[in-house]
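Here is the structure we will look at.
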Amino acid sequence: MIQCEELEKRYGKSNVLTNVSFQIEEPKIIGLIGRNGVGKSTLLKLVAGHLKETGGNVQVFGKRPFNALHVAANVILIEDKMSFPPIFTLKEILLHAKRFYPNFATELAFDLLLYVGISEKNEHMQLSKGQTAVFNLIYGLATRCAVTLLDEPMNGMDEAVRADMYRAILKDYIAFPRLIIMSSHYLQEMEHLIEDILLLHEGVVELYAPLEEVQQMALRIVGQKEEIEPLLEKVHVFYKREQSPLFEAIIENNGLEIPASVKSQSLSASEVCKYLTSSKEGTIDDIFK
Amino acid sequence: MTSLNNVSLAQNIWQQLLWKCRTFSSTFTTVLIVQIIFSVLSSGSGSSGGSYGSLLYNESIYSLDLLFIISIFSAIMLGWLLATQSIRNDNYSVVTTNFTETVSTLLFLVVLSIFTVFSALSSLYITVFTRLLFFDQVMVIKSALFEISTLFIFLIFVLIAGSASYFAKTLFDISKITFLLLTIVIIYSMQTGGISESTFFEFFLVQSMGEMLGKVLLVLTIFWGLTIAIRQRREVIRR
Amino acid sequence: MNVLIAFLPILLIIVFLLGIIKLASRIRIWTPKRTSWVILIYFMLGVISLIGILIMQDKTTKTLSKQQLKVALEEEQKIDELYGADKFDQIPADYFVFTNSYEGTAEDIEITLGGNVYNTRVAVTWNDSESNHIIATYYETPIIFKRMDISKDIQPPTIEFKNNHFYITEEEMQFDFTSIQVNLEMLKPIDYDQMSYSLDHFIGNRILHLNVPKHFNIIDNSGWVD
Amino acid sequence: MDFNAQSTTPIYIQIAEWLENEILAVRLLPEGKVYSQYQLAEIFNINPATAGKGLTILVENEILFKKRGLGMFVVADAKERILATRRNHNLTKMAQEIVHEAKRLAVSDEELITLIKQIQKEG
């Protein structure tokens, strides 16, 4: 459904995406992860056809998304700054959506709105930050577009609503499978929901793999310095920390035999992503040396 | 897998046009209120008086002229407003592309112009009728009460004004320098080159209807074509 | 440029109005539904007013058609020719309004025209009669002013004869009217031809004919008597 | 069940373990139909693909089998297979840990065996 080859996007002189290549063929929920300012939103906007690529190419349903009606009709991008005509109430917005999105789940949208306690008589501009996010997400979900792009959908929502909204996404996804790409700072929160991880780092795709594979990618080993150090020579080390008497390291998991005396532990996907994208060979501790 | 939506270009433009008639409904009321206020404030388009020997006369003229000028100004303002970024962004919460967005807005301008013409006509009838009811004075009907050719000319100038201003704002957004230079050139040539507003009117008001239609179509094609060409390339930036 | 400056106040008012409208839109008066009702009602009022104007025809006057005006203009010219040739007896009887006879007692007869006598032309012809009777005959063709037939509002000139002195005055007449032009005057083609100019102004003849016996001597105080 | 998304054990393995426990507790009957991946996804609030992977592991271990178009079913001797695997796998692992701990504590092999026998006796 989505193909990117050497996709590049510059804003003036600053290069946001330098070489992004990946391919998504079937409906699934994908977590788009990356540090601040790495270009997650930019990538989503390119896919939605809101931005024009400066190099390489991006294709959605076999078409270049920029200015393509077929792509616009089947891709929805939900973001913070999404705006609706101020003359409409929420109710009118939802009623009108059906004209543009034939699959629009009007009833579901009204039910969800009622559930989260937002009056349909409100105007979009009057909503609080959290309510805006909830409404936008409901709107995006209800469009049932084959490609649903959610850029930081949970920003500003409180804990309880977040949990409900994740559940809503899952339920609707099960009922109507489609490609959902969700970007977030909080990978941990949505780890259970996603199938694949798309990790952006320094303008390229650092990693595009199933969640389970990511979880298996690294190991945390803790033990005596003399036991650990020889191990580190054989594998890629993401991180090491010596806080005598303990020596801790995060290493690549490539089937290396770990002596039983060394405590080893696999990491959660979000930790793996954190280490994959941490600045090269250094930690915050180095600053305080 | 949810099914893919198939939308044709014409369908999308039509849907957006209907949508815009609602989202921009305040433009209709703007035109209406401006027309009503000017109809109430002014007593007709003007008056002339004089004497002809022992015959002293005083004529109050109610014509479409004042409403026409007001409508032109409204169209210029609304055309400019319709091209603003925030309005464009609202558009991206429904299915749209640069092309369909621009074309549907231009078509909306046509709808707005047609509305403007008929509301001007209504305003004139209403003021005249109230005057007829409450003032006891000879009322002279100096032209046909309903004249297609007049309305058509009215429509065309309002539409051209709106389209030109929509184009101007588009140009302004993409390059303020070009816009400024163009404005200076136009003002300069109006000051010195003998070009005035009536030059524009005279350009269009030729005797043969066919020639006029040709000129109108040519001018609209230029404005619309350039507008579409420029806006085609724009990215969506929500702030 | 001048036009632009002239309409600057209008522009300012429109900007001011836009501000009001923007404020109003904040309190959601103009929902799309209400707007469409307002528009519908306004258009209906327009149609009703149009019908009203058509119905109240007793209060309205129609302007004469171009054809009628041309006929009137030709008639005016014909009468002008008759007037120029002093052939007053050939002026059709339709246009005859009144005739009066005055008796002169002195040899010198003075004529004074009021300052506002502009439309009425006064002509003197002589006859061989021995009597002292001066015969004044007034003719009037239909009077068309600004394309309207205002004949019925026009009063004949008043003629006063005192001490062998004619005082001729016209009744001053105030004519106020409202005109509707459902067209764009400002966009009318500039090349007004002579024809439409004369059509738009005053058409009609008002002739006062004085038939005077030869033995009188006419003293014209105004210099306008033919 | 103590399902934990933040745990370092991958979710699909937790799902597989949960299903095995259900089979052991005879809440899932031999030859009976198992939850579909979508049902599991809803029950545990997880991605259906992840749930599917849990099921796939069990199919690979021949605890479940697929009937085309009907879904997944428990094999007749599922319980025995699970027990056997757990015995093989888990017990070995635990034994390994005991042996390592014994080494660290300088407990000799004989002493360890004696300890185990003693615990078995006490029952």
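Note that the chains are named A, B, C and D in the order they appear, and that numbering of residues resets to 1 at the start of each chain.
Everything below uses one rule, namely that a residue touches a chain if its C-beta (ideal position, glycine included) is under 8 Å from a C-beta of that chain, and two chains touch if they have at least 3 such contacts.
Remember, predicted model here, so these are calculated numbers, not experimental data.
Chemist: Could you tell me which pair, A-C or B-C, is linked by more C-beta pairs in contact?
Modeler: B-C
Chemist: How big is the gap, in whole Å, between where the Cα atoms of subunit B centre and where those of subunit C centre?
Modeler: Inter-chain centre distance comes to 38 Å.
Chemist: Hey, how far is the Cα centre of subunit C from the one of subunit D, in Å?
Modeler: Going by mean C-alpha positions, subunit C sits 112 Å from subunit D.
Chemist: Can you give the whole-Å distance between the Cα centres of subunit A and subunit C?
Modeler: 84
Chemist: On a C-alpha centroid basis, what's the spacing between subunit A and subunit D, in Å?
Modeler: 32
Chemist: In subunit C, which residues are in touch with two or more of the other chains?
Modeler: Expected reply: 25, 30-32.
Chemist: Spell out, as numbers or ranges, the residues of subunit A touching 2 or more other chains.
Modeler: Residues 86-87 of subunit A touch two or more partner chains.
Chemist: Please output the residue numbers of subunit D that touch at least 2 other chains, ranges allowed.
Modeler: Residues: none.
Chemist: According to the definition already given, which pairs of chains are in contact?
Modeler: Between chains, contact exists in these pairs: A-B, A-C, A-D, B-C.
Chemist: What part of subunit C is in contact with subunit B in the complex they form?
Modeler: 1, 3-4, 7, 10-11, 13-15, 17-18, 21, 25, 30-32, 35-36, 38-39, 42-43, 45-50, 52-54, 56, 59-63, 116-119, 145-148, 170-187, 189-190, 201-202
Chemist: Which subunit A residues qualify as touching subunit D in the complex?
Modeler: Touch list, subunit A to subunit D: 28-29, 166-167, 170-171, 173-174, 188, 191-195, 210-212, 215-216, 260-261, 265-268.
Chemist: Quick check: in the complex, which residue numbers of subunit A touch subunit C?
Modeler: Against subunit C, the touching part of subunit A is residues 86-87, 92, 123.
Chemist: Flag every residue of subunit C that touches subunit A in the complex, lowest number first.
Modeler: Subunit C reaches subunit A through residues 25, 28, 30-32.
Chemist: Of all residues in subunit D, which touch subunit A in the complex?
Modeler: Within the complex, subunit D contacts subunit A at residues 5-6, 8-12, 38, 41-42, 44-50, 53, 96, 100, 104.
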